[in-house]
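Next up, some structures in structure tokens.
What follows is chain A paired twice: with chain B in the first complex and chain C in the second.
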Partner chain A sequence: MAEETFRTETKGMERYPGLTAFLEGWGIFRQSLLGKIGLVLLIMFALMALCSYIPPLIDPMYNPMTGVDPVITCSTGPSRAHWLGTDFMGRDILSQLLAGARVAFMVGVSAAFMSIVLGTAIGMTAGYMGRFMDTFLMRLADMIMVMPTLLVVLILAAVFGQLNIWTIVLIIALFRWPGVSRIIRGQTLSLKQRPFIEAAKVAGASHVRIIFRHIMPNVLPLAFLFMTFRVTSAIIIEAALAFLGFGDPGTVSWGMMLQWVWKTGHMFKAPYWLLPPGICISLITLSFYMLGRAMDEVLDPRLRKEDQTD
Partner chain B sequence: MELRRYILKRLVQITIIFFVILTVLFLLFRLAPGDPVSRMVDPDMTPEDAEQLIHQLGLDKPLGIQYLVYLKNFFTGHFGISFHYGEPVVDVIWNRLPNTILLFTTSIILSALVGIFLGKIASWHKGEKTDSVMTIGALVTHTLFLPWLALILIWVFGYKLGWFPINGMISEEVWLDPDAGFIAKGLDIGYHMILPLTTLFLIHFGAYLLIMRSSMLETLKEDYILTARAKGLEEKDIRDRHAAPNAALPVVTSVGLSLAFSINGGALTETVFTWPGIGRELVFSVSQNDYPLAQASFLLIAIVVLISNLVVDVLYAYLDPRIRY
Partner chain C sequence: MDSQERILLKVEGLKKYFPVRRGFFQRTAAHIKAVDGVDFAIAEGKSVGLVGESGCGKSTVARVILKLLEPDAGRIVYKGRDITPLSPKEMKPLRKEMQIVFQDPFSSLNPRMTVGQSIEEGLRILGLSKNRRQGRRDELLEMVGLSAMTADRYPHEFSGGQRQRVGVARALSVESSLIICDEPISALDVSIQAQIINLLKDLQDRLDLSYLFISHDLNVVGYLSDTVAVMYLGHVVEYARADTLFEDPRHPYTRVLLSAVPSVEADLTSKIKTLKGEVPSPMDPPPGCKFQGRCPLVEPRCKQGEIDFSRVGEDHLVRCWKAT
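Up next is the complex of A and B:
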């Protein structure tokens, strides 16, 4: 039934290969339970991120970073004014948690987007140009792939001092492209053999034009489906960095909240403060992971067939 | 013969990568904004000592010569003096290396073995309740945020129940006791290792389980499994002796691919449990602006990563006779 409706939807859309691929993928995605759970969780987090703008409007004391409840000077448990309690300075934990969702999305999506763009460009160049360029770029990818990104950011923090959130995002992106570029390279290698590329070459198209006009539209859907995995790793790296005390002191991320609990020695006294940020980081990772697995099914027909035989 | 050539080729590659890392690190520490001398020499040192150290590190010479001195110092084990400990950096990290290797290797081997075993069981019961419980369990534990899991374990098992020590690697009473033998000391370390090991294990085994499961399902479709069935072999034999060894190969590859991830996790675990390893030393030195120590810890971790990669590659080539690059 679901299959049929999407067939009719895609009729006459052969002109847009990206869109057709997307709709076809969506049809398969809808049948995956993991994918659906992941999507629901993700929507929940997106709502949290949106709601993060509300508390500071109600009362300035709900500002996640600077708002302090005037009557509270130490960490207190959940109450009517503070549903999840307050931290050691009397700041509201719920509004910090909501702001954390916003930061997680910001960090995850922007780092993932940048690394995908970089990975796609490098993968296409390596695959299309071949020879020296290919060897050079892929060896570079190998090298970056084995480096533990968190520790790389740490050593950069040692040299450059406090990093702000956008620098962290940029560094994560710069170190997380190799996985994507390998896949895109593989895809490009097979595309290169197709007649339409040959035709474009004969027609006198330049390399740049072939890469961006003819190859890119065909690899982009694949690249964007891979974004889900990159989002996860970016969120985890930022959270871990903040947890260790090297995050951007001007942003309230979940990792930062955990760092506060840990460093102020509240982890044995304040479960209402220790539990929420950790659960949020773990759940958002899980949701992107589930989404990624569902995407895998979309991308890899072998997995799909296997599941249909059940 | 072929295997030897492959190992040789990988060794050359790894050496090149290492030199690149060494060079990038050199440039980073010398050319970043700020004074390189203050970064390598403790500001609290006496002028004479500082002078000598500057000379030993070649900081008074042009950049090209500095680089050569840096390389020479690296190969002779001179990394400068740690600001915090006041002793040669190489002594500090050399003492930490075995601790890191102990925790790291044990956790990887344990989680890979358990992951392979459970993955095998899950694939065998595909579609049944056992399978879904295992798959979902693996997904959930694998995506837990590691430092948070560590804190929860400390809170529950260290604080509430008081079963396990929550920091360090040894207890002083045991180690200062002259009567305590080798075994008592070993057990003491093992006792301190339980919580950090559990943390790393819980995070990692899920990934191996999932890979083993899907690899096993692929393998079970192979013709030789059909042959084995046709021969009338026991189902258990088919599973354990025909399918599982081949299916476990991708797990070995994934150990290699996830090494960077495991090293990150190792550093976080060491920090939370104050396990005296290199990862914790790196985190600590960065927070203390102890540059020489940070630089050396990072280099040592890079070496550990590269060598483990080599070990995994060789293991893979050895296990799978079809792979001879």
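Up next is the complex of A and C:
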């Protein structure tokens, strides 16, 4: 009886493909402590990123890059005007921190998204076409996978001088697809053998139709799961790069803030300046990781706890 | 073989070998002779049953006929036209006439498509308008005993039997005249099996369909088929009308198969002949009769040379010396 009422309730929603699956997934996600912590942290950072637009509106001196407090000429601790203090030339650390959250999201999400799109496309092509294409693409993936991304970006930065933040994003994406494509290829290989693909062929479906209508919808959840892990690695790479002094000098990222602390010799003198960006980098990567782990549980029934009756 | 009736599909000397690759350079070391000489014909509106144990190549025959796999030798003649050399593009217009129902109702439907979308796919490829597609879809769902309301549901909301009905509806969606049923009931509960068989039989009467019914269950094949081909290790060993085969099986393998059919009468169970030994590897079958290693009637001449069909009655062919 209960099931009957459930059916009638969800009937309207079933017209929207994916919505029922989403709600089902959300039910499982909600039970994961890791996922909840991750989500709360992530919402916090998202709010920080949104708030980053506010300080420059209050006073131009709160502009994270160019705003300088006219009365301050060296790094000062927290005060009423600067809640987290100022850096060596009197810029507000709080507004820098907020701007850094925006940059972290931008870098993390866009680099991850690009590498996922690339990895999924290449993985599906390799898995579906097989033979020569498979061998070629996978050996290419192997070659890129063994290259240390950070080192390659450092070399590129050394060769081409200062890199624009979008160039950095693009390079991270270009070096981070092989892991995704391997997973997607494996999934495609297994899907390719399923009878519903044969049924589509018997119905006269073209290869393009089979790839986009039958294989892609079945690998996308996995691709998005990997996106959360890729976000983490993209943020870390960008931070490391900026800290080492190869970041985009026109962007205030947390890595950049750490670099300023270090370069101006405030490493052990100004904890109010050193700690916030450091903690933020750790927490944002942690939150994406926890989110990914929780989503893993949603997508892979084998990882679910025993007591969940379904 | 069938003289007066119009032949819909004729398969002659069909062979399919799968290469076994070994070593660093992936050289072809051997071939698995999955299908090694299969002949049969299906008349319009009739059914042919293909029986045999696991691994004898039944499903490969189905896939080769549908050109999902390319045959290595032999001819597939559909409505008098040799479709063996057709390219995938040339096959496309024929796709709507030859359909398949799969064994496993769980993996034969795309989990991310509603059953309606799955049923409509063939029609969409044919370019039907949305209205006509949906009309046809609802009609098909009703035809296989499901409600038209279920079209928006996803496969995971259905039971195995219901999914198999959806699979049948999908096979019927286009103007199918030949439906290959690849063990359509072996993954279902016994109670559901009967429903699906009755559905298939009923649809055949209503729509004048031809079936190639693949199964390892002789009872089911006997009930549904007009003609039965018994397969062993890649080729057909006996070919006869269903009633003839049950009354007068000639090949020793067929006899063993028939004696193994479960029966309600208890005293019959004691007479089951069990076969000794294993099925030889399809990579390297013995010369001569493929059944020689397990045959109770084996004699020296069985081990030399290919054994051809001998006619033992009207429409009754057997690949055995002893049968004549």
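Here is the rule we use: the second predicted complex is superposed on the first by the 279 of 310 C-alpha atoms of A that agree within 3 Å, B and C clash if a C-alpha of one lies under 4 Å from a C-alpha of the other, contacts with A are read in each partner's own complex, and residues count from 1 in each chain.
Heads up, the rule we're going with is that a residue touches a chain if its C-beta (ideal position, glycine included) is under 8 Å from a C-beta of that chain, and two chains touch if they have at least 3 such contacts.
All figures in this text were calculated on a predicted structure; none of them were measured in a lab.
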Contacts of A:Ala81 with chain B and chain C, given as first, second, both or neither: neither
First (chain B), second (chain C), both or neither touched by A:Met133: neither
Residue contacts with chain A in the superposition, chain B compared against chain C: B
First, second, both or neither for A:Leu41, with chain B first and chain C second: neither
First (chain B), second (chain C), both or neither touched by A:Asn218: second
First, second, both or neither for A:Arg209, with chain B first and chain C second: second
Which of chain B and chain C A:Glu198 touches, first, second, both or neither: second
Which superposed partner A:Ala157 touches (first chain B, second chain C, both, neither): first
Touched partner set for A:Leu274, first chain B, second chain C, both or neither: first
Common interface residues of chain A - those touching chain B in one complex and chain C in the other: none
Of chain C, residues touching chain A in the complex: 63, 66, 68, 92, 95-96, 98-100, 102-104, 107-114, 118, 121-122, 125-126, 152-154, 167, 170, 174
List of chain A residues in touch with chain B within their complex: 34, 139, 142-143, 145-151, 154-160, 232, 236-237, 239-240, 243-246, 258, 261-262, 267-268, 271, 274, 277-278, 281-282, 285-286, 289-290, 303, 306, 310
Complex interface listing, chain A residues touching chain C: 14-15, 17, 20-21, 194-196, 198-205, 209, 213-214, 217-218
Chain B to chain A touching residues, read off their complex: 13, 17, 20-21, 25, 28-29, 32-33, 39, 126-127, 139-140, 142-149, 151-152, 154-155, 159, 214, 217, 257, 259-261, 263-264, 267-268, 271-272, 279, 282-283, 285-287, 289, 291, 294-295, 298, 301-302, 305-306, 309
